[in-house]
Structures are given as structure tokens and as C-alpha cells.
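Note that the chains are named A, B, C and D in the order they appear, and that numbering of residues resets to 1 at the start of each chain.
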Amino acid sequence: MENLSLKSLKWMNQEFSCASLELITAMLYLLYGDISTKAAHMLALPKVSDFFTRLIQRVAPKSYQQAAGEVFVTLKFLENFCGDQVRFLARSFAVPGNHHGQQSHGYRWPYGPVTIITPFNFPLEIPLLQLMGALYVGNKPLLKVDSKVSIVMEQMMRLLHYCGLPVEDVDFINSDGKTMNKILSRVAEKLALDLKGRIRLEDAGFDWKVLGPDVQEVDYVAWVCDQDAYACSGQKCSAQSMLFMHENWAKTSLVSKLKDLAGRRKLEDLTIGPVLTVVSISRMVLPTLSDGCITQLHLFTTEAMLEHMENLLQIQGSKLLFGGKPLKNHSIPSVYGALEPTAVYVPIEEILKDSKNYELVTKEIFGPFQIVTEYKKDQLPLEVIGNSVNGTTYAGLRGRTTGAPQNHWFGPAGDPRGAGIGTPEAIKLVWSCHREIIYDYGPVPQGWELPAST
Amino acid sequence: MENLSLKSLKWMNQEFSCASLELITAMLYLLYGDISTKAAHMLALPKVSDFFTRLIQRVAPKSYQQAAGEVFVTLKFLENFCGDQVRFLARSFAVPGNHHGQQSHGYRWPYGPVTIITPFNFPLEIPLLQLMGALYVGNKPLLKVDSKVSIVMEQMMRLLHYCGLPVEDVDFINSDGKTMNKILSRVAEKLALDLKGRIRLEDAGFDWKVLGPDVQEVDYVAWVCDQDAYACSGQKCSAQSMLFMHENWAKTSLVSKLKDLAGRRKLEDLTIGPVLTVVSISRMVLPTLSDGCITQLHLFTTEAMLEHMENLLQIQGSKLLFGGKPLKNHSIPSVYGALEPTAVYVPIEEILKDSKNYELVTKEIFGPFQIVTEYKKDQLPLEVIGNSVNGTTYAGLRGRTTGAPQNHWFGPAGDPRGAGIGTPEAIKLVWSCHREIIYDYGPVPQGWELPAST
Amino acid sequence: MENLSLKSLKWMNQEFSCASLELITAMLYLLYGDISTKAAHMLALPKVSDFFTRLIQRVAPKSYQQAAGEVFVTLKFLENFCGDQVRFLARSFAVPGNHHGQQSHGYRWPYGPVTIITPFNFPLEIPLLQLMGALYVGNKPLLKVDSKVSIVMEQMMRLLHYCGLPVEDVDFINSDGKTMNKILSRVAEKLALDLKGRIRLEDAGFDWKVLGPDVQEVDYVAWVCDQDAYACSGQKCSAQSMLFMHENWAKTSLVSKLKDLAGRRKLEDLTIGPVLTVVSISRMVLPTLSDGCITQLHLFTTEAMLEHMENLLQIQGSKLLFGGKPLKNHSIPSVYGALEPTAVYVPIEEILKDSKNYELVTKEIFGPFQIVTEYKKDQLPLEVIGNSVNGTTYAGLRGRTTGAPQNHWFGPAGDPRGAGIGTPEAIKLVWSCHREIIYDYGPVPQGWELPAST
Amino acid sequence: MENLSLKSLKWMNQEFSCASLELITAMLYLLYGDISTKAAHMLALPKVSDFFTRLIQRVAPKSYQQAAGEVFVTLKFLENFCGDQVRFLARSFAVPGNHHGQQSHGYRWPYGPVTIITPFNFPLEIPLLQLMGALYVGNKPLLKVDSKVSIVMEQMMRLLHYCGLPVEDVDFINSDGKTMNKILSRVAEKLALDLKGRIRLEDAGFDWKVLGPDVQEVDYVAWVCDQDAYACSGQKCSAQSMLFMHENWAKTSLVSKLKDLAGRRKLEDLTIGPVLTVVSISRMVLPTLSDGCITQLHLFTTEAMLEHMENLLQIQGSKLLFGGKPLKNHSIPSVYGALEPTAVYVPIEEILKDSKNYELVTKEIFGPFQIVTEYKKDQLPLEVIGNSVNGTTYAGLRGRTTGAPQNHWFGPAGDPRGAGIGTPEAIKLVWSCHREIIYDYGPVPQGWELPAST
């Protein structure tokens, strides 16, 4: 911890020479291209990817394929920043100035010290992508992963060190979860004031899917809906929380197919599993190496989810489509949730009737739970995309709410604090700020004479 | 006001069809290219530019040339967004997706309703540039200009309406200053909590200039220093507050030239004038049409500035270089400041001795007041640019701290809320956010079969 | 002419200081922003735009609206490069290098001396857009406009000089057509060898339109087809030469509507008019100020067009849909063509039967003449866009072949010499080349020692 | 060969479905990201890189370090296009159109069939970088490597096939050199006419270095000069052919140090070696799969180089600085050259005296041979960079003429046919062309009525 405080002190005093554009060049860009190349190669080895897949499964209940998918996305991210590609992130631009000898240069500049706080549901992918993104553009990150799952990233840190990451470049905080939660909770309120917005967010969301009037490929669409709603027990940030079917789809076998697909899920292979606690604000850019963060705990126990379901079923015309029962024969601790994949139908007129119903229906349940409703022509504006403000939107027959993260831009959109992940564009916008340097070397115009004061 | 609330209601309900990408296209981009073309042409007419120059002079004490400069920069900005150039601001990008039929598009998306709050020192340029920037990319702004000077922008609004600006596109709040200040002050604290960072800032700053070891063009450099420190009575956001001279410059006639140049300034032509009150936080992006804003009043009366000077002169080795007396023979109200162009020398060792001295010396006085100091080789790191974090930096013989705004990017830099002004880059980063739309129309791969759940 | 050769000599010796990046900055970018602003304003005056519209009509037979459209597009282009927008064209980029002190900058660099040769059909728009594009990025152009219409651009040169264009920046060659054609023809063959590709082309094309299976808005589509095929007597580079109708369209009233629309055209208002001679290669970038160019004359007399029609009607199953007769009651010289708007149907099977038919049908007639054919499902691949290589393609219900030039990129596409016009992208790609400057100022690494030779 | 002609036929008929944007997506971008990842990993294995280094040495006489450098640059290039980076090359842009429902998209589009012809001096790096660049953006290349060295690329093709490159994606022509040269020579003249510029060039060049007035780091600069002039026996395209020393440098020990450094070079470790024949035009984009190419043979035998030296020494005031003798004790065939590292001094006044001297001095000798001259203040314009037109320029203390290719852009610059290599910018500009697709789906405006013809 001594090393940490020395380092942070240096940053705060702005003495850390790494902030120098020139030194960043030599020290950082090539080094991080190399680290990414080596780490990508390691993670491509079957025994390494299998190790991380199984380690994820131990702490975040998801199927082998889902955990392997997380490792694969992480691998692809590292491949994207091999060779000179970290260097290319630092691309700047320049325009000629107003007179001879002047040029205006626009750079993306690191913030310096930043803090990254990540949730439990993607123990490898989210922390690694954000950590490396922050490092690539020259920041000094402090990383705190949700303590229930931090062992995954702790192992990855060792792999990164093996691949050349200097140990002093990242501060990794690891502690017993209970204690940490207490500290964090206590600090939260103060931080909300102190930070005054020096923060970027990736929030979990209440994601909805709209099926338009053209019915086609029912089997395929049903499968995508099942995966979007129930894979990882519905605990992806982008999991489908509500399904709007055009009346044409309601006439098909879609809902019955959904029920069949949900019925295939079982605890043995973790295609359905426990629902963990959510830390709702997942990531922050902090201006100092403070170890505080903002956290809001949402407990989704089995009882809480069943109670929510009962409240929904009070709405006129609503009905249980399938699921709605606790999982059986398991040893999931009672602080977690354990529910069958569940769908509740609520008529659209009732959803829109008053704000009480609206808020109840659109309450985010971070678990295997979705609302289904049906709409008629004229109940939805034609231009859905133009009228919506989501950070990321998928359109088309093969659109998935959970297509993240290779193409993902997390919300909250329409919010200056909204954040993205993984792509060069996201790294540049989230982890660096614009700086303008105007070089104006002259010469002084020939025959210049002292003008009057103005 | 009724119109205003209806409008804001529409935005909040996200029914406002202008948020639609497609409609923005037709309604907005070409229209705003036309408005800019017409307004640029109007402002280029001598009688119009003279009208605005004199109007600025009536409320913001500055010389005719300085006020004319503000009108000229505003004109150039409007010229920059003639024809299709507003449309070109909406340039998006796309990359192919992971499979046949998928493409990922990145757009800059408007926030919707935004609030712009601008200070007194540039009554035309700052509100117009930020207002049009916000409009160009599809927002619905509420504009509040410092009430002492809002008549300038009120006249410009009429010119814009004449040039085709739809009256419902901008809400312009205008009120008696005292009342408004009361309202704003009361609301401020609440807002600081409510906004939680949905804000962008352009702050006034304590700007410093460093003269390196190579002495050349002393006359020219002295003139630039005089203009940077005392033009507009030192009330530019980018006015020079502190001058670091290398010892080589100290041996020249620079300081004596500075004194002579300061001595040329006189009240009659407003090359020196009253010091007004600062509203320190100048601009905000608010998520609703709330008319609140954050304001902190800094009073720079003559007495306050003289007291500050006396405190500085207590520091060992400090001395008054020139100025330091109240202006004479004027009718400036006593709530404002009236001071001769003033420079106080403080030895660099004393500035760095302890935090008390450091804070005293670096206190921002938004008036015709600067600190001068001298450094020796080894007292400044070689790579000044790499080690600094300013939002905008000028380097070179002709560098000016007040080179804004055509090349300007206001601070606070290194802050995710930092803002810019005027350039296409600044408009896009400040007034819009990233949105990703993934088109994934398929088709479903031939021979697709239902996979196992994951 | 002496001035011209002196100038070219200077360029060839690379002494012309304007090639200097720094001087270009001061001398060119701001100047050309100003010239564009002033010229746009002049051209927006009704008496000026009317003057140019009528002048175009005197030499290039087209309706008032078509000629006014040409003036309008020219005006919009000038508006696009007002203020700082010429300067912004010179935007460069930089990436950090391989070691401390190295940076690699990518610039768009002017060619220096270039020659522009433009055809008769757009006497104002094509020469002005290409001339200004060449000038904006720092070239020294020699301009030769087709001598039948060069009076239009000659008048525009005077307007540009009035707006500040230095007279020495452009060399404008103007001569009696016959003489010039002789000179050009003689030089042509030699040039083809000498230039070895230092040339960019905008070729006239055989443009086709495909109507897909979904029939809708027949009136609208018929009107677009009529305008695309017969406006300006079919003498736009992008005029529709062939129409592929899906069999569903063949069952509608489309062809009969086309006939009615063609029947509305009359000589009095020049909605139909004479067919002039084509200079097929329209624009070139030449490395020296040689006044040579390549030209191929295609004579489209009335007899030639009728003979072509007769040849087409020899094909089995072909028929005349409408037109096919010489215009009457006119004084058009017999060296030009004078034909009614004409459409000939040819069965698709016959078109594809052998190369003789194929070449006959796809022969470009630069006049009011089109081929119509009909195809059935499976006679056209599904992915038309992906399988085509046009420089510019329009897709959708409102797609027009003659939507140029605000969105235009002339062919020949798939050819490294292909050129574009008007947009910032086109100007940069056509009128400048990439130059890489690597700044590598060091310092030499501390403790550097002489390595062994390699 | 049958497969080849079938393939080319398909391209020429534009039936090859890979030209489809959509299919390119699925088939190509991800596949080539994978191939690059695998090939980079293979080439990073010490036994593989050593194999290629030694193989290069067998055919292209250069030291182990120089050959290893070639392999290293090739490796870095492959790393740069791992993961999604091939996909990101296909980034397009879009701007809103003129009316509701219209958008204009700008793509980089493949040419289709292209031919790559590469020289002997970099048997691995040049063909691999250009081949993969052409493939990444969707072309179908035919590759011909100089037959003396083609075994290197032939082995690399096998490695690429092993890494997943489909065998039908590249046509690799390999033949006995003598026969091939005959065929090529015969075809050359015809091609010069036929291609009419559908070609891009990377030419060998007469590269010069200018040492300015500030003398510093003489040891370091001497070493860079020695490497630039004599590494690879001066057979890099970017090898230093002429050295301009400011008179201040002439007073130092620079020339004597150059002599000492040249004296360290010896045949045993190939730090000096045979001079091969040059094929002067190295690469072409051909529109069909024709196996023709343009070639000009320059024979640089020992006798030819000595004769050139003698001619130079006839110039008044010239002298031999060092070298100038044939290599001894070797078995280099007499068709190749074998010369000591050589430098000839020629006074600058004599170089500029007349065009005969000028042409003699600036004749490119592709071997270990350089001209040295000396200039005084006022004999060189101040702004060298602004006044020069090289495709790539290095400026600064550590600038090298042979810093290629990671930052390289080969000439001929100022020529529309100029080409680059390796970087994303170079690949896009050289191997693809701009295509504009305007989507204009409507709808037709409400209440649209048929207008008059125009």
C-alpha cells in the first residue's frame, strides 16, 4: 500500500513524467502493443482459455458456453490492440492557423489517475477491457472488481504481469466483500457531492425488444428471445426485460416456442442459475486515487422476485405465461435468487394507464424475468429508431439485445456521462479528453510596428 | 412562457419528432446552413457590425477594437457553417459486423433539451457560438445570458429570427438581474446534487505565460504581454494572470516596456475600464428545461483588489512593478472595480515556499492585475507542454494566452466535463453524444438449426 | 502567354514558394475562404444568378430551371467553403513514432501545376467546382473549358477576380473551337504516352436504372425516369441510358406514363433541344503546364441517332416505344442532333445473346435516347449494389441517376484514375496526394554507443 | 494455370460474388483478421523467424541483422491487423442528404483483380505487406516476385495457407527468371499504352540528406549516414544517394568518421555485398489478371559503377573521399556489381553549373555509392520541407532516409499514381477506391404533385 500512496501522490502533484506526451510515446504505446500481443497469444492457448472459463463459472453462475464467450470476447479485444494499434489510438489532428507559422493541434489527452469499479456479471471482460482501454491512452488506473468475483481478474493481473505489464502501472484493490461494501456504502453519499460529475457510467438497463409487423423465421426469433432474456440467468446489462410483439406475432406459435425453450434450461449446466446482488453503478472516472465509489445494492432474492411477479399479476388482464416457480434441488444460499425462467404478460393499455402501473412494469429485475406485451398497428410510432435514445440499438431480423460488447456502447445515452467499451472510438471518448495545443512559432511579420492599445 | 413549458413537456416525453434522425435531416441541417449563411451576410454589413460593436461597448466595458473583434469572430463562426457544413457535422461512420447482414453505425446524437448559461465578458460571441453549436446538432436550447449584458444577445435573436430561425427552436430567458441572481443562487445548491454531473463547464482560469531562455523580439513580446494581461481590463477567461520570465528576459528592457505600454491605456477609449462581477460557472448542459443554474459571485471591487495587492506586497522580496492605484475621474459605480493596469513582482522561491503563499499568489483576480516572477535554468522542467494539463496551450514566439476562440478549447481540462467552443470538433464533443446502431437484417444463415441453450 | 510560361517554368523548377506549407497557410487558406464567401454572396443576388442562368442557356441548350439548378449547385458549393472551411480541408493527422522524439505526420499535399479540361454540358458548375477544389488545396491550375460554352466561365473568372482571386493564380485558356480542337487532336496521341497515367477522369457513362419487384408510386417513378432520361436533352453525364423494369412494373401504366411525360417536352422552353458534340475525356491532372489534352469527338447528329435506332430495331422482338422522329420547325445546325425523346424496347434475352447485340445496345448515345427492357425474377442477382462497381449509386424509391453533383462521385469507378467532384472528400482525394513527414528530433538516447555495422 | 484463368474470367465478368459488400463482410474481414493473428504468432516463433531471415540472406545479400529487421517489420505488420482490425479498415462514413429519407454513404471499394510485381531487395516484406493490404480490402491479387528471390515469398505462401488463407484467394506466379524477363520485356511496351495509368508505383529513388548549420552529435550522425548509404549495399529504395553538408559540418571530423565506418564493412558478414540488377518499376495495379508487367533493367556491374565514378571525377574540383575499388576475394558472378563503400565529393557550384553535370551527379546508382557535397548559408532555402515534394520526408537529428517502412510512403510523390505501404492509410488509398452510395428510400413527400418538365 505504500507504493500505491507514493504513486498517487506523484500524480496528484502532476510530477509524474509519464503524463508527458513524448515519454508516453516511448514508454507506453509500443509496450502496450506488445503486452496485448503476448496476452492475446496466451489467452488463445486452450489450457489458458479453459482455465479462465472455469474460473468464471466458479464465481459467476453461467453456462460453460457463456463463460467461454466472455473469454473469447476478451481475447478478440486484446488481438485488436496488437502491434502498433495502441500507438494508432493516439492519432491527433492539426489544421493550419490564422497566419504564417501557426498550427492548431488537437490531441486526446489522458486524465491521469482514474478509478475503475466493475460489477459481478462479467468478471473478466468488463474489467479487462476498461482497464486496458484506460492504460492504452496513458492513464494510471486503480481497479476494484466486485469482491465476489475478483479472483478472476486477480489471476488475469498475474498473466498481464507475465506478459510485461509493469507492476506499478495498475493499482488493484482486493478485499473481503463485506468490509469493502461497508466502506463503500459509507463513502458513497459524500462522493456524490465531491465528484460533481467527474464520472462516467455504464448502467444496467431495462432493455426492450420490439417485434414489428412482418412475421418470419419464428424458430430463429424465438431462440434469440430465449437467449436474450435468460442466458446468464438474465444477468447481462443488456438482457431483454420486455418484449413488444406486434399482433401478427401474437397469432403465431412464438410464445409457446418461448415456453419450450425456457423449459430446456437447467441448473446442472448453469443454463439457469442463481441471481446475485447488483452493484448498480459499475464504473467511474475519479480525478484522484481515492478508493471510494458509489454503490447501490439491489437484492433480488427469490422472495423479492416472486413478490414482484404477484404485484404484476394484480394488473387487470395480466397472466403468467410460464415459469414463476422457485428452482428446486439446489444449494443456492438464500441471499441470492433462484427462479425458473419467467414471463408475465401485461396488456399494453394497462402498462400505459397510469404512472403506478408504468413504474411497476418497467422496474428492472436483474434476473431470468421478462414482461411480454402485444401492440396493434398505430400503437407504436413508425420511426422507432429516430424516436428512441438508447446508447446502443440493434435493428433487423438478427438483432439481439445482448449483442454486446464488440459492438457495444453502454448507456445511459443522452447523458454527458454515458460510457462505451472496447472499440477504439469508445476508448478514446471515455478514457481521454480533448486538448488543443497551438504552435505559433512565428516569425513576427516583417516590418511589424507597435499598434495602439485595445 | 406557456409555449416554453409545452415544448419542454414534449421533449421530456420524448415525443418531439425532431429527435428523429430522419426528420432532423430534412428540417434542421439545410435550414441551419441557410440561417448561418444569411446571418453571416447580415453581420458582414458595416452598419450591422458597427451596431453590435457599439452595443457590446455599452454593456461590457472594452475598447471599440476589442468589441469589433468579438463581432468579427462571431461572423467567422457563422461563415464556417454555411451551405452544407451543418449537414457535414452529422457525419457518421460504420464498420462491417461479425456476420453477413450486420453493420455497426456510430452517430453523434443530440441530448435533446439543454440549457446554456453565459457570462458577461463576451455578450455576443460566447452565447451565439454555443447556441448555434447546440442547435446545429439537433438540441433544443434554453439560453440565459448574464442579465447585465443580455440586451446584445436579445438583439441577435431578432436578427436570427429575421434570417429564418424558427421562434420555437430557442427559449431565451431574460429578466432583471437582481431578481434572477436571487433565484439562481437559491436553486444552486439543489442543482449541484440533482445534476450529478450532467453538465459541461467553461471556467475562467488563472492563466500563466512562460518566457523561455531565448530572448528575441522584445518589443513584440512586450506588446503581446500587455494585450494578454490588460485588454478588456483583464476580463477575458484566458487573460494572462502570471508571467514567468527566464532570467535572460529579466536582464532586458521587457518590464520597463510593459510599464510604458500599460501607461498608454486610458478610460476614454476603454482600453482600461471597470471590473465587473464574475459568474464563475458559465455554461451547462441540463437534461430538462429547468431554468436553474449554478452561480458563484466573485466581487472584484477596487478595495478588494487593493487589499489583495497589499497582501502580496507582504511577501518577502515582492514589489510593485507599476500601477496599483485606483482609476481617477470616473463615474464607475463602487460595486465595480476601477484599477490601473497593475503588476506585482514576487520571487519564485517565495511563491513555492508554502501553500499559504502559493494560494495567495495564484488567486484569480478577474481584472487588470498580474503577477510577474523570474526563474533560473533548472527551476522549470524542460518539457513544459508534456507536463501541463491545460485545455488549450499556445507555444511559440507568437503564442498569446488570449488567442481564443477560433482555436480555443476552454478548461477545465483533464476533467470529463471540460468543454470547447466554436470548432466542428468542439461542437460535436460538447453538444452531442455517441450512439451506436447495429443493423442486423440477416438473412438467417441457410440451414440454421436450433442450438442448445447457453 | 509569356506570363503563363514564366509561371510554369517556376513550378517546374520547384521554386514557386507557394508550395511551402507555411506560406500556403497564410496566403491561401484564409484568402480562399474569403473569396468563396464573397462569390457566394454575389451569386446569391437575383440579378447575378439570373445573368448566369441565361448565359448558360445561350450556349448549352437546357431549360431555365435546369440552368438555374446549375447556378444553385455552384452557389451551394461556394457556401460550403466559406470562412475557415478551406483551412479545415488541410487537416492533417499524426501518430507517435517508434521512440522518444519521433512523430509521423500525414498531409494532403498539392500536386503543383495541374490542368483542368471541362466539357460543354455544365459550363459553370463543372469548371468552377473543379477549379476551386484545385485552388483550395494549393494547386496552380490551367483551365480549358469547351470552347462552345467557355464564355460562361470567362464571366465567372471576372466575378472571382472581383471577389479577390489573384489574377496570377489561374491560367484560363480561351480560343476559337476549331483551332483548339485541331491542336488538341494532334497532341492527343503523344500525351497518352507521355502522361502514363498522371491523369484523373470523369467520364460520361452509360447509366442504367433498375426497378425492383415492389411496385409503388408509379406517377412519381415515371416522372423521375422522364427527368433522368430527357432533362438537358439527355446530355448529363449521369443521364439514364437504360431502364430495367421488373415484370411487375411492366404490367402497370409506367411505359404509357413515360410516353405522356416525354410528349410534354418542347423546343420552345428547351425541355428538349439540340444534341451537341461530346468531348469524352473531360478533366485531367497534368504534371506540367502543357496546354495539351486528350479529346475524342463523338458526333451525335440526327442521322447518326436515327441510324442507331434502326440498328436496334433489327434485333428480334425489339420495338419503338415512343419518339424516334426528328424535331421539326427548328434552326438547329445540322452538325448537331435534333431528336424527339425516344425509347426503344429490346428483350433482355436478346441483349445478352451475344457480344454484338450487347455492344450495340449498351452504346452510349449522349442524347434524349434510352433503351427499355424487362426482366423476370431470377434474371437479376439479389444483391445489385454489392455486385456493381459504379462510382456513384443511388438506391431507393427516390433514387435518381441525375442526383449529382452535391452527392456525386463520377466514374470510372474501380479505376485508380477515377475522380469525384465538390465534396471535401472528393477535393482531397482528387486534387492532393498523401505526403508523410516524420519529425525525429531526438534527443539521441542517453549513453548511446556506436553499434556494429549491419 | 487452368484454375487461374477460370478465376480471372469470373472476375472479368463480375460474377465473383466476393465483390459483394455483404459477403466480403462475412467471408473476408474476420477471416483475414484470423489469418493475420495466426501468421503473426508463427512468425514470432524464433525458429520460424530465423528460417526466414536465413532464407532472405541466401538470395538477397544483406547482413543477418538487416534480414532479421525485414522479418521483424513483416511480423509487426501482421500484428497490426489482428482481430477486428481488418474489419475496421472497411470503415465507411455517411452524411444526411438533401431531404427526408436520403443519406449519402462513402465507401472504400476494392478494385477486384489486381497484379502485384515486387523487386528483389526486400523479398519478404514488400510482397507480403502489399499482398495482404490488397487482400484485406477485398481484392483478388496476382503476385509476381522477382524470380531471383521468389523462393522467400513462396515459402511464406505456404505458411499463410497453413494459417487459413484459402488457396484460391491469391495467384502466385513463379518461373525461371530468364524466361520471365523475356516475356515481360516483350509485353512492356504494349502495356504502357493499354494501362493508360491504371497503375500505382513505388519507385526506387535518388534520396538526399541535408545536414543543417547546427553541428551536434557527430558520432551519431556519422553512424546514421553510414547505415543509410551502405546497409544492404545501398540497395534500399530509400538509401542515401547524396549528402549535403552545411559548411559547419565540413569543418568537423564527419567525413573522416564516415570513412572509418565504411571501412568496418566486410563481405564475410554481408555488411557489404553484391549489387543486383534492378527492376525499376516495382508494383502495379492491373485491371485484369494479365500476367504482363513493365520492367526496365538497369545493370550495375562493377565496371559500370567504376565508369560512373570516373565520369564524376572528371568534374572540376571533385575527388574520391573513400572506397572506389572493386571488392576482393569473392565469388560474386560478374553480372553483378562488387564495389567497396564509395563516396565522391563534387562541389555544389559544379553540380548546378549545367544540366549535363546535374544529370550525371543525380543519376541513381542502386549500390554502395554516394555523392557528398558542401553548401554555404544562402545556398539552400530556409524552408526545405515546404519546398520539397518527396513522398516521405524525415526531419530532425534522428532522421534517417531508411526509416521505412513502418512510417513509409514511397514516391513518386506529387504523382497521382504514387503509392504507400503498410499503414492503414496506405492500404486504403492504394488498394481501394472511393464509392458513393446514396440511399434515398423516401417516402415521396405527402401531397406530391407532378411538376412541369425541365
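The rule we apply is simple: a contact is a pair of C-beta atoms (placed from the backbone, for glycine too) under 8 Å apart; a residue touches a chain by one contact, two chains touch by 3 or more.
Quick caveat: nothing in here was measured; it's all calculated off a predicted structure.
Counting hops only between chains that touch, chain A reaches chain D in a minimum of 1. Of all chains in the assembly, those touching chain C and also chain D are A, B. With chains reduced to the mean position of their C-alpha atoms, the one farthest from chain A is C. For the pair chain B and chain D, the fraction of shared interface numbers is greater than half, so the two copies use mostly the same residues to meet.
In terms of their C-alpha centroids, the spacing between chain A and chain B amounts to 33 Å.
Chain centres here are Cα averages; for chain A and chain C they lie 48 Å apart.
One inter-chain figure worth recording: chain B and chain C are separated by 43 Å, centre to centre, where each centre is the mean of the chain's CA atoms. The multi-chain contact residues of chain A, meaning those touching 2 or more other chains, are 21-23, 84, 88, 97-99, 101-102, 406. Taken as a graph of touching chains, this assembly is complete, with every chain in contact with every other.
On the side of chain C, the complex with chain B involves touching residues 33, 37, 40-41, 44, 76-85, 88, 406, 424. Across the complex, chain A is touched by residues 21-26, 29-30, 87-88, 90-103, 105 of chain C. Interface of chain D with chain C (complex): residues 14, 17, 19-24, 63, 65-66, 69, 97-99, 101-102, 104, 106, 109, 111-112, 192-193, 195-200, 217, 219-220, 223, 226-227, 230-231, 261, 264-265, 271, 285, 287, 383, 385-400, 403, 406-409, 413-418, 420, 425-426, 429, 433-444, 448, 450-454.
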